[in-house]
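Some structures are shown below for you to check.
In the two complexes below, subunit A is the common chain; its partner is subunit B in one and subunit C in the other.
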Partner chain A sequence: MDLINNLKEVFEIEGKIKNDFQIEVEAKKELVSSILLYLKNQHGFIHLNHMSCVDWIEDEIFELVYIVWNPNIRKTVMLHTKIDRNNPEMENIDTIWDQANTYEREFREMFGIEFPGLVAEREFILEGWTEMPPMRRDFDTKKYAEETFATRPGRENAEDVRETIVKRTGEEIPDFAKKYSRD
Partner chain B sequence: MSNKINTIGIPTEEEIKKAQIDFSPRCTSAGRVNDKETQKMVEYILNFARKHSLFVLAYGTGCGAIEIPATMTSRYDAERFGIRGAATPRQADVLLITGYLSTKTLKRVIRVYEQMQDPKYVIAFGSCTINGGMYFDSYNTIKALDRYIPVDVYIAGCMPRPESVIKGFIKLQELIKDGNAGNGECYRDNLDWYRTNQQKIIKNWDFPDKYNW
Partner chain C sequence: MTREKETTLYLGPQHPGITGNMMIKLKVRGDIVVSAETHLGYLHRAFEKLIERRNWLQSFTILCRFCVPEPDPIELSYALAVEKLEGRVVPERAKYIRTIVSELARIQSFLLWYGGQSGSGGLYTLGQWSVGDRNYILDLFEDLTGARIYHMFMWPGGVRRDLPEGWMDKAYKTMDYLEKRLDDYNKLLFDNAIFQKRSQGVGIIPKDKALEWGVVGPPLRGTGIKHDVRIDEPYAAYDKIDFEVPTYEGGDVWARSLVRRDEIVQSISIIRQALDNLPGGSYYNRIPNPMKWTVPAGNAWAKTESVRGEIGFYLVSDGSNKPRRAHLRGAAYAHGISVLEKVLPGENIADVSFILNSLGVCPPEIER
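So, the complex of A and B:
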């Protein structure tokens, strides 16, 4: 509780306690790097657990979540922030934690979020990708897969494989399997 | 006179057709002898030897690679069928495609396949290589492997247990014994078709134009 009050005093942001181990905080995107640096230096949240991105396509928002951990008091702070989906741009935090560089590269490739000042190769996991970033929800993966990859035609009838095998070999369907039968 | 001289060295069309019926065109370049009976004998001995020493390239492409240690170790002991690992593509006979294959890995797999020496066999492993499996709508995995490299045996299952893996190998041994396995020559003959399919999905194409097979 002290931590949340302290954050409210310093940054004027909203927060709540989820359970004994997790604290949830929401902030504007301009404040994120200051809050993370403050948590790291003043409160001992020295470990960046995870960064993730959620695509709220209906609200035209990308939600970024930063999860940091304090090993002494064993508590986690989850910092949420929302950025515009049509012009996605976020502050680079790999000066605070080096491992953030990898997460940010992934966001840039999979969601198309730009991080000004990020020094890294543009190509990360995908090779020679020319389409829209594939983790965005308006990217139709099934349509893309059908257009790009050769597929094998499937079965046309909907016969029960088990019964077909039974008819061919002359065995009997065991009792425990009869309740799954289609007849 | 001139007609006679011509007919000695060059086989007529009928003779060529007969020869094609007698031997399958695949994988017969190794011990080619003019005499047909001798050729059959040589083929039989060669295939017998190949069948009992299948060196598998130690290269796992997907989640299916986890079944290989179980197949190789003491419980299922694949070495009693002559199946064992090989370190490099040039020493290997069999390429196992274990599970899903992303477009990025496909590029490496093609390079590996083209480096292997004849006779070379491909076993495709799991339902992902057959029709995409649970990745049927993925933007990054291929759905039908035989469009990109020739495949000898498919093993169905997700994942196939070590018993089915060994059964797949035994099927391959039967094919080798009958002289029906090994698609290296087929791949070289239809290289254009395979190349068009491969280039359709591999965008940053930087393969060498020609290999000295």
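So, the complex of A and C:
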């Protein structure tokens, strides 16, 4: 609780104790890099555990989460912030932690969030991707798969595979295959 | 005197020295690495997107496939995250069984690592032994869960089934056998002058930078920093079991290998203690009908200690019957990209694969 009170004195945040090991903090996006630097330099949260992004399409926001850990007191701070989904832009923090570069490249590719100043000449995972960022909620994975990939012959529908084989080959179903749990 | 020009080498994605499928673009001058760039994209299976389309229990068929060498910690991280969201209590017996399964997974993954680490240094015998011995643990898994590699065994509320009859005796015998075999491994690998020469002073991670770089697991403990999720934020039954967390100074491949060697000994001890003290009672706090099971809205961050290091799962629920967001933080996420790109410059090409194995890089877990 001391940490939350201290953060409230310095920044405009909302905070609560989540459990014995975790503290949850929420702040505006403009304050995130300052809070992270403050936690790292003043309070020993030197380990960037994780960064995540959640698409709240119904509220038209992306929620970014920064999870940092203090090895001396063994506590975690989860810092949440919201950015506008229609104009997603967030401050680049890879000057604070190098591995943030990887996370930000992934968010740029998967969610379409821009991080001005992020140096990333190469793609992270999706080479030659021309569709919308695929981790967004409005990207339809099933539709993309149906439109992009050809279906293997004989598996166009949920027909029993034994019947499919019989139709294709003209053979009879062998005795051992006649007994099936779905029958 | 000729000037060496800079050449670009592409190590991977199909290369026996790469732990999985990824490509490292190396710029070399002579046989010294000048710079390294990790290129991924060969193993992205969009698992996190697929999990958003499945209900909370259906996700288990996907979870174990995130990381091929050691699937169990990911199942356990997800289960712990769901239990945090719900406030679901896990029976004591289930916690002990989870501990046993986690440690068996750790040992079998270490045995696989033995093969990779020694093989990348040119010693192929040890891999034959360790992969053969690993089969005894996979046999235990097959008896317990029905499958050798992907178990889908630890799920929210406990574990899927109780220990079958005779399993405990078989587990004790397997631990006795493996303990004897460790002497052979030590003689072949750790007493081997070539391995010592090749691993000492190679692939150094500085102690003062390790945590800032995001290093976790044996590479972190190989710099002398004692951090293990099992003691920092105990889960399952680890708070009731006596074990040590070995650390070694140096931050090189040698220190990391020694940490792993000592951890197998600790894992065998943990399994024996858990078997000796296994409580009775239920193994499962039953979940509702999975097709209608909803989890309260909120978020959870749950960590477990895998063989490569800390595995974290960030799970978000919107109150429906499907996860809103399931985001895995694999131990290798930093190791395989930002740490590797810092450690490789200045090293010999022959040591690239050696260092990669010592960091425990697992591309399936980076790309998901």
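Throughout what follows, the second predicted complex is superposed on the first by the 151 of 183 C-alpha atoms of A that agree within 3 Å, B and C clash if a C-alpha of one lies under 4 Å from a C-alpha of the other, contacts with A are read in each partner's own complex, and residues count from 1 in each chain.
The rule we apply is simple: a contact is a pair of C-beta atoms (placed from the backbone, for glycine too) under 8 Å apart; a residue touches a chain by one contact, two chains touch by 3 or more.
Here the structure is a predicted model, which means the values were calculated and not measured.
Overlaying the two complexes via subunit A leaves subunit B and subunit C side by side, clear of any clash.
Shared-chain residue A:134: touches subunit B and subunit C both. Once the two structures are superposed, subunit B and subunit C can be ranked by residues of subunit A touched, with C on top. When the two complexes are overlaid on their common chain A, residue A:65 makes contact with subunit C while staying clear of subunit B. By the touch criterion defined above, A:126 lies against subunit B and subunit C together after alignment on the C-alpha atoms of chain A. Once chain A of one complex is fitted onto chain A of the other, the partner contacts of A:46 are limited to subunit C, with no touch recorded for subunit B. Contacts of A:151 after superposition on the shared chain: subunit B is touched, whereas subunit C is not.
By the touch criterion stated above, A:101 is placed in contact with subunit C alone, subunit B being left untouched.
Of the two partner chains placed by superposition, A:11 touches none, neither subunit B nor subunit C. Touch criterion not met for A:38: it reaches neither subunit B nor subunit C.
In this overlay, which is a superposition and not a single complex, subunit B and subunit C have their closest Cα atoms 5 Å apart. Shared interface residues of subunit A, touching subunit B in one complex and subunit C in the other, are 125-127, 134, 139, 141-142.
In the complex of the two chains, the subunit B residues touching subunit A come out as 103-104, 107, 130-132, 136-144, 147, 197, 200-204. For subunit C in complex with subunit A, the residues that touch the partner chain are 37, 39-41, 44, 46, 48-50, 52-53, 84, 211-214, 225, 227, 232-233, 299, 301, 303, 310, 312, 314, 316, 324-325, 327, 329, 333-334, 337-339, 342, 367.
By the touch criterion given at the top, residues 125-131, 134, 139, 141-142, 144-145, 148-152, 154 of subunit A touch subunit B in their complex.
Those residues of subunit A that touch subunit C in the complex are listed here as 19, 21-22, 46-50, 52-55, 65, 67, 71, 74, 76, 78, 97-99, 101-102, 122-127, 134-135, 137, 139, 141-142.
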